[in-house]
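Common to both upcoming complexes is chain A, partnered first by chain B, then by chain C.
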Partner chain A sequence: MVADLRHDDFLQAEPAGPLESSQNQPSAVLTVEKLALSLAGKEILQQVDFSLSAIGVTSVIGPSGAGKSSLLRCLNGLESGWTGGVKIDGNDIRQWPGGWDQLRRHVGLIAQKPLVFNTSIRANVCFGLHGWRQRRRADGLVKASLQQAALWDEVADRLDAAATTLSVGQQQRLCIARAIAIKPKILLLDEPTASLDPLSKQLIEQSMLQLAQQIPLICVTHDLEQAQRLKGQVIFMCDGRVIEQAASDQFFRQPQQIETREFLRWSVCDCD
Partner chain B sequence: MSVLQQQYRNMLNRYTHGKALVLLLALPALLIPTMVLCYIFWQAAPVLDWNFLFGTADGIGFGVTEGIFSQLVGSLLLATMACLIATPFALGTALYYRTFATPWQQQLLSALFNMLQGIPPIVFGLCGLVVLVNLFSWGVSLLSGAVVLAVVVLPLLALNTLATLERIPNEYSEAGSALGLTKGAIILRLWLPRSWRQLLTGLLLAMARALSETAPIMFTATVFSGVVWPDSIFSPVTTLQTHIFYLAQEGNDPLLISIAWGSAAVLVLLVAFFALLARLLPKSGGN
Partner chain C sequence: MILRWWLSTSALLSSLTIVLVFGFLLQSSWPLIQQQGITFIIGDEWYPFESLYGMLPALVGTVWAVALALLIALPCGVAAAILCAELLPAQLRGAMRFSMELMAGVPSVVYGLLGMWVLLPLLESQLDLLTGRTLLAAGLLLALMILPTIMVLSEDAIRAVSQSQREAAKNLGIGWDAMLWRVLLPQAWPGIRVATLLATGRAMGETVAVMLVVGSIDRIPDPFYNFLQPAQTLTSRIGREMAEASIGSLHWAALLFCGLLLAIIAIGLSLLIQRKVVAA
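Here is the complex of A and B:
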């Protein structure tokens, strides 16, 4: 698989077709068509169209209030009042076998506000596992997940301490570990490094790149340099719409839309 | 300078007057219950002893008994059964309120329970007499009384449970569903560990309330004498509340009156115990 498809390839790439045949264990491919969402009488998302390659990071950027978090919440089923089509591997997520709960195990979401449960660090990591026996015998998984979330070294000796005693940045990484632990097939991250120091940020980015070799990641970020470092695709959203979508090299070197250029240069967006 | 001082003194005067007024109004509210409590215990002191607490009536005498143990147990039995009956319904209502109800239904539910709380308990007692005791032929029994009491404490319990569940932030549940937890798992593994203390507090307050209700059980569950221990849920019981009531009607026998005082003191202590436990509980850790 090629991690970063070219812009035009990307637009032409048909979703599931070729991928299903090429792999035994097909990586999920996501297509979004005409996704629209209204909350409290306000249009939050309008006509969102994009698709996701089988692996690699897709960064979503855009000003505050653009609807980035709302988009992720729709994809994960936390928001269910949307219209349009979202397909994973060609399957409509509204008809997902097992319903929304199963879908959410398939499509992990790490929320913008880190929220740890009021138990131990270990229990937090295992929280999504089915069955208390699995949760008990998950030491290996706990370690692996915490390592992937770049938190292991800091908490290795106090896995049974209350998770609420961690710093905000540590809590954020704990949330990442918790989501990784259930082995989602697609991972949605909402500003995963927003409250982290440069070092942890770097570690998380490394983990993300590593994960992205197996599954597709969508990462909402306000850090344009991070979007560049993560390679892959970039989706630029403004005012509930996708303005531009391209491979990151091309996106930052030659943005096609006026709004994108404005945003990259002045960090403002005026798409109305 | 002196003008300022003057102003300051005026303010102080106004302030002290205000303070005096507030105190004057607040004192009776503090003093009267304290005095009543003191008086109860003062009156009860002569009879309060081990034999009085743990002795039982022979079941024949007309309230002139060595002890009130069977009344004490009867009260506790009724209150416990009532709370046990009411709890599942309160929980169910609150879960429905939090998970499925539309905003309109939520408003309706809380309005309904607030209204139910305002209905005089004797009305429920009357309904219990007509429906449970006579229509269902359960007779004057533990079961009839417990069911009526359950209806009386249900609004309190349900409203407390509603408020508890409502206090759980949405993000908390969402963090759970983002991990693919089912509704049931969210309730059991997120909501319950987080709010069991408040739920237990509500239960203890309901116990205190059930213990202090007299009217609803007076003609559905209790008799004055003739019973020491109920043999089944279909047999009547004796309780502290009604014991006091019947004894007080015999206003001219000093012995009976002193037994009534003793029973009152024990009842007050019992209710206070549950109310205090309910107060202390949330402070011992938790979030």
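Here is the complex of A and C:
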């Protein structure tokens, strides 16, 4: 199912087996093996395999309903009914020390629909910090996170205003800042620039590339050009399966699978 | 056209009723106000035979009984609501809710009898009191009666916190207990507040059950926080003495003034509720 890939430091080709893959690829911080998910009697994900190396962006593309969001939700434990293996730094996430909450602090997820809490902008950014004292003394962190999310300039003078008064695009960036503030070791972004103007989009992409020098990022996107700009790896999903994964330039220049070619050319996917 | 006519007529009629009620209460208690001024409100002696109509004992009793009831029912009700909304499996939750709804439907006189036959002897034996008819008894009984209101409405409010809010909090690695304090309760607070105000209204207006257990002694507790003494509430006084007062007498006017006081407090409460609902 998975395309024959160039072996490089981002992604391994054809995960061979549960044991081998984690041994052969010590640099992989996240390995997903035979991940399958059914919701309400419907197969959402089938046999998803891939792995992430220590840094860099991995873009996930695919038609609407392919299961991209569901995949991200499995990786940080929001969906729990899946089967298969997900390992982070060699630890099975089902046995994560400290449980799901600790896992979610390790694996940040920025959801597809931006949702801000009904408090001030500042409180939203600090929401994930433990302890009210830390939350009150977080001015530096608030500024840094908002800057990284390309929102600082717009809200610097009204940090105490209600977050719900922000526009949707601003809320989306606020959600990014909120997730960055708890300093996750892996960041999952679900269409982070979907409702943004070109400029903010560009700023967010810059931040993502910056972050990607320290931690691995998975970014779901419908914007193929964005996937190209983000470099790194591309995973193409359709109907709950990974059809092809490759380094970005190779993926767009020489797609191996016929479904991928169809998708890139006509934006349709027929992979049943 | 007809719909509009119907709506406006009903609205007019209901607002007219309020005005009528107030007008009637004010008019019938007017003789008392005319004769004694308004100072009897803070008088602490109620001796109808000597034309002393101090409202303070019953006011204090009402406030005490309601406060005790809220003090007990609010934490219990909200805790039960959290349990039901968040922790119980669906079947248990259904059972608990159903029993709460049943509780809300039981006529208050049944609670009164229950209080008389179960609560009073219990208080007498456990607390070593001469009589179990105390403010505490009234408070406990009222707590039982408003518990369903608080619990059911609070549960609805907690369950109404959207799944996406919860997931957004979860995504930040916030555990369930922190989420409870920082997301669920703040979000549900407007609903809990309304539940509390509604329950306060019910507790304040409750008559029969309170009358059976409060002791009906027109005295301010001494010291004023001693809720182990018999007392009187506005409603229990009206319920007890209305039959004895001859229509048109000062006594009768004083009792109707008790009703006016209750109505004023009730209106104040519903104004509060309305403000909160609009704000929410």
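Rule of thumb we're sticking to: the second predicted complex is superposed on the first by the 244 of 272 C-alpha atoms of A that agree within 3 Å, B and C clash if a C-alpha of one lies under 4 Å from a C-alpha of the other, contacts with A are read in each partner's own complex, and residues count from 1 in each chain.
Following the convention adopted for this analysis, a contact is a pair of C-beta atoms (placed from the backbone, for glycine too) under 8 Å apart; a residue touches a chain by one contact, two chains touch by 3 or more.
Source: prediction; values computed, not measured.
Upon superposition of the two complexes on chain A, a steric clash is found between chain B and chain C. Within the superposed three-chain model, A:Phe252 lies out of touch with both chain B and chain C [touch as defined at top]. In the superposition on chain A, contact of A:Trp152 is made with neither chain B nor chain C. Applying the stated contact rule after C-alpha superposition, one finds that A:Ile182 touches each of chain B and chain C.
Contacts of A:Asp101 after superposition on the shared chain: both chain B and chain C are touched. In the superposed model, A:Leu115 makes contact with both chain B and chain C. Where the contact sets of chain A with chain B and with chain C meet, they give residues 76, 78, 100-106, 108-111, 113, 115, 117-118, 127-128, 175, 178-179, 182. Contact residues of chain C toward chain A in the complex are 164-165, 167-175, 178, 182-183, 186-187.
The residues of chain B lying in touch with chain A in their complex are 171-172, 174-182, 189-190, 193-194, 287. Every residue of chain A that touches chain C in the complex is listed here, in rising order: 76, 78, 100-106, 108-111, 113, 115, 117-118, 127-128, 130, 175, 178-179, 182. Across the complex, chain A meets chain B through its residues 76, 78, 100-106, 108-111, 113, 115, 117-119, 127-128, 164, 175, 178-179, 182.
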